[in-house]
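Supplied in structure tokens, the structure appears directly below.
First chain written, first letter: the chains are A, B and C, and each begins at residue 1.
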Amino acid sequence: MSSENMTLKLKIWRQKDSFEAGKMVDYTITGVSPDMSFLEMIDVLNDDLIRKGDDPVAFDHDCREGICGMCSMFINGEAHGPNRGVTTCQLHMRSFNDGDTIYIEPWRSQGFPVIKDLMVDRGAFDRIIQAGGFISVNTSGRTLDANAIPIAKEDADTAFDAATCIGCGACVATCPNSSAMLFVGAKVSQFALLPQGHPERKERVVNMVKQMDEEGFGNCSNIGACEVQCPKNISIEVIARMNREYFGALVKPEN
Amino acid sequence: MKLDARIPEGPLDQKWTRYKNSVRLVNPANKRNIDVIIVGTGLAGASAAASLAEMGYRVKAFCFQDSPRRAHSIAAQGGINAAKNYMNDGDSVYRLFYDTIKGGDYRSREANVHRLAEVSTNIIDQCVAQGVPFARDYGGLLDNRSFGGTQVSRTFYAKGQTGQQLLLGAYSAMSRQIGKGNVKLYNRHEMLDLVIVNGKARGIIARNLVTGELERHSAHAVVLCTGGYGNVFFLSTNAMGSNVTAGWRAHRRGAFFANPCFTQIHPTCIPVSGDHQSKLTLMSESLRNDGRIWVPKFKEDAEAIRAKKLKPTDLPEDRRDYYLERRYPAFGNLVPRDVASRAAKERCDAGFGVNATGEAVYLDFSAAIMRYGRTEATVRGIHNASEDQIRELGEKLVEAKYGNLFQMYEQIVAENPYKTPMMIYPAVHYTMGGIWVDYELMTTIPGCYACGEANFSDHGANRLGASALMQGLADGYFVLPYTIGNYLADEIRTGAISTDTPEFAQAETAVRQRLEALLSANGSNPVDYYHRKLGKIMWDKCGMGRNAEGLKQAIQEIKALRAEFDKGIKVPGSMKGMNPELEKAARVQDFLELGELMCIDALTREESCGGHFREEFQTEDGEALRMDDTYNFVSSWKFTGDASNPALHKEALIYENIKVSQRSYK
Amino acid sequence: MATPLFKSSIVKKLWMALTGLFLILFLVVHAGINAMIFFNDEGATFNQWAHFMGTNVLIRTAEIGLFIGFIVHIVDGLMLYFQNRKARPVRYARENAGVSSKWYSRSMALLGTLILLFLVLHMAHFWVKTRVTELSVDQKAVLIDGHLYENLYAEMDMVFQSPLVVVIYVLGCLALLYHLLHGFRSAFQTLGIGQHKYTGAIAVAGDAFSVIICALFASMPVAMYFDLIK
């Protein structure tokens, strides 16, 4: 059980910018309340660093309610820390004990270069979506009526489950191979399960996988760590579905 | 300057059609020579960028986050309204229009709201075509649910993540255009000034947040889709980065700011747990369907609970005060957001609040659990079920309805809401006010537009649930793409706009000087120190209840805080490279000016309406008292060069189609 | 859409899965024939089957395929390993990988290398002698039902008299066990047969298969060493 007023030892990755090498730096923080969120604990540390004239720790964060996908810390060897189904911003200090040492590192992947300290560049994910993560329909509003094509509830629900991906990159960070297949598989699955996505399903999967490979991520070897540490509990079923879609496109490239 | 909303002539339901039929067009060849800057990539920004790029304009999109998909539209939970009438419950464009005007407490523009209701149906068609996985029923058709302030089911949803799914739809439409080269994306870029050349918006000064460089970007039109300003309160349900800077800088360059005091305070949020709190988390409004709100009836009990000497579950019924049921027997726990929020504040101010800070009330599900449990026991044919059995059955049903919300609550508060009542307190959620725009969504600066929450146009003094998503997408997909052409039709001969002009140089220098001043103040307090102070002033004096005396004090306090900020701020690092503290400092500097304008606006508006409750203007029963004869107008503020002396311009609101009446929930 | 055979990450893992399944099929045949030693007929049935496998044209042709399968599996596997190492140029200071995945899933390259080393020894013990050189035992052939057969059974019996060899073989089987525990279900996941309705069955079948095959293989040197079969 965590006490009301904890003292913690932090080991944080500090790196000035993408050009200079970084290193782990030790900090001690006192007066940590178990009700604080993990990011609020870093806020307190930064407040202290600024007052002392030091450079505060740079980290990505925005909504602080687990949906924007911006926060991205590798805490004690796990993406988003020890709890399951939550992002870093939803982790609270009551998950730690007085006197603990906490390692805090950025996502590590060739595809996610460090910008500063704990901030990484996840532009690769955007480029993968730009390569094909969409349905090519113009925004005229003059499409079919929304109810013109019924979609089986089960398919709609499965598509939704895949669509809950927040693009945080925890899958890449936690994968021993640094593979991005859970992210790509989730988007491919969402559109493969909906009739609206069918007309361009083949180009889509081929183009997205091609872009993924060009971004420097590793290859998937079905280790399965990604689905365990995904804050939205996306299953590696989406990777199996992406593989099927891909083979389909290889065997018969035309739609 | 006389404000002209440029509302088209003709009957209400034909204005938009007539407008579209007669508006000027830009031919495709000419569109290729026209640049449009879009700032912000939320629902409004991403949908506008995608639409304008498809039409052929060259679009530059800016967001301060690492990716356009992070915009805070993503956090919207409940749903999106549309007058589809799929449920066959009598819904229509007119009803959606009427509900929105009435919900806004008769302080919005009829023509804009009617147009919003008209295009609402297109949004759903569009999103389904884009692959947005809305909830469906077993027949495979779209499901709807009902929301506050209406009598029909017109809310489309994707579990509790509707905003996320809609934003990702708009993001993918925009990504498609980025992939084609029609949109150039500038992520991790923040707009710090608007550049005006010969009276027209011609570009922006943006800071590349990675390199720290200031960049000049030119365009034939600038569209601000930069969201709301709720973070002026420091604690709100907004994202940490949500800010008013783009809008405020445009305001300082001549864009009027309308109804800044209209803020929506949501009644069911998780209360503040301590001084370290950085933001607040919303618990969906739907919980009020089954939860009963109460505080202890006697102060000694409240004190004992605060000291943790007494548990709420140990307090007998006759020592509890179900104050909403007591005050509003007809609507009970389901009164509108503004009413529920004010009532909670009233009880806590009187000393009946329950958590350590004294700022929380209970939202209790035990009655619902037992009620559901008894029904379930009957359904299963268990006639002599024990209390425990009934409770267990009931908890299962409540879990099926609200499981994810209960889990989220437990994650944050570390208490089991099935066993002990939830604690909730109101929090700032949405801002109805914003940059003034005309019917075409153009601000008072020619060529500068504002869409989504950034503008003031559609929600009056109070927004209905599930209408924010509707407005953001309506503006971006279906309104702006038509209206902007009317302006750009004159720009086809302008040619590329150079950034190598005195106007750009002057703006860039001003930004540089401002940032350098922040860096060189070399005081002793980090930015958050001042932001928290500002937030407290705003919350205490320009929050749920406002009065002339408090507002006057707030104005003085904010002025003093601004002076203190300029000298006492400590921003580490330099202009070069990534410097999040510098970003925050510039944003808080703008909040410090906006806060004062909000108080001035609240002081000027001597009536109570929607989210604006002036304590001097209430009925004998403590309800909001609107002054339709004197205050039926939009307060639109012009920046005069001195933040403390803005000039008020009034846009009269004319209701030709709706009869203005007083709301009652007794 | 010309996708070079080894360029796409999904094609790379497809090769791993296909060759892996092919090798699994080989293991079944191999284990099945070797298990003939348990007939306790002094290796008569076993030697007859070994003769068939060594002389049948179809089988010998398939053997070439087997070699190619091995080489593709090894080369592709090593390529994946080195590419994946490169994909994380800076390692984590602290990794707690054990909570989200199995050690053997993360160690397929290591396990594969161990198996390869074992395979070199194993081939030197038997394959080289039957196909290239000749058996080491004195009685190189044995008469069964009037036909003369190569006495592979005796060769096995001789090799497995060394306790060191038996231990190495058992360890080799252990490496194979863990390689299969991941490899079997992984192959199905790669082929896209990874939906909830199948995963449970595939996992159970894979685990059972891995344990049975490896226990069967390991039991052979052990049984021979302790003279449990005649």
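One rule holds for everything that comes next: contacts are C-beta pairs under 8 Å (C-beta built on N, C-alpha and C of every residue); 3 or more make two chains touch, one makes a residue touch a chain.
This one's a predicted model, so the numbers in the text were calculated from it and none came from an experiment.
Taken chain by chain, the contacts run in an open path, each chain touching the next and the two ends left apart. Legend note: the chain whose CA centroid lies nearest the centroid of all displayed protein CA atoms is A.
Looking at contact counts per chain pair, the maximum sits at A-B.
In whole angstrom, the spacing between the mean C-alpha positions of chain B and chain C is 63.
A straight line joining the Cα centres of chain A and chain B is 26 Å long.
For the pair chain A and chain C, the distance between mean C-alpha positions equals 38 Å. The residues of chain A never reach two or more other chains; the list is empty. On the side of chain A, the complex with chain B involves touching residues 16-17, 33-37, 39-41, 43-44, 46-47, 49-51, 53-56, 58, 60-65, 67-70, 86, 90, 92, 94, 115-116, 119, 121-123, 125-126, 129-147, 150-153, 156-157, 159-160, 163-164, 166-167, 190-191, 194, 196-197. Those residues of chain C whose C-beta lies close enough to touch chain A in the complex are 1, 3, 7-14, 16, 80, 83-84, 86-97, 99-102, 105-106, 108, 182, 185-186, 189-196, 199.
Looking at the complex, you find that chain B touches chain A at residues 47, 50-51, 54, 65-72, 74-75, 84, 86, 119, 122-131, 133-142, 158-159, 161, 164-165, 168, 171-173, 175-176, 178-179, 185, 187, 210, 237, 239-241, 273-274, 276-279, 281-282, 411-412, 414, 477-478, 481, 524-526, 528-529, 570, 572-573, 577-578, 580-581. Residue ranges of chain A in contact with chain C, taken from their complex: 11, 13, 24, 74, 76-78, 82, 103, 105, 108-111, 174, 176-179, 181, 206, 209-210, 212-213, 216-225, 228-229, 235-237, 239-244, 246-247, 249-250, 253.
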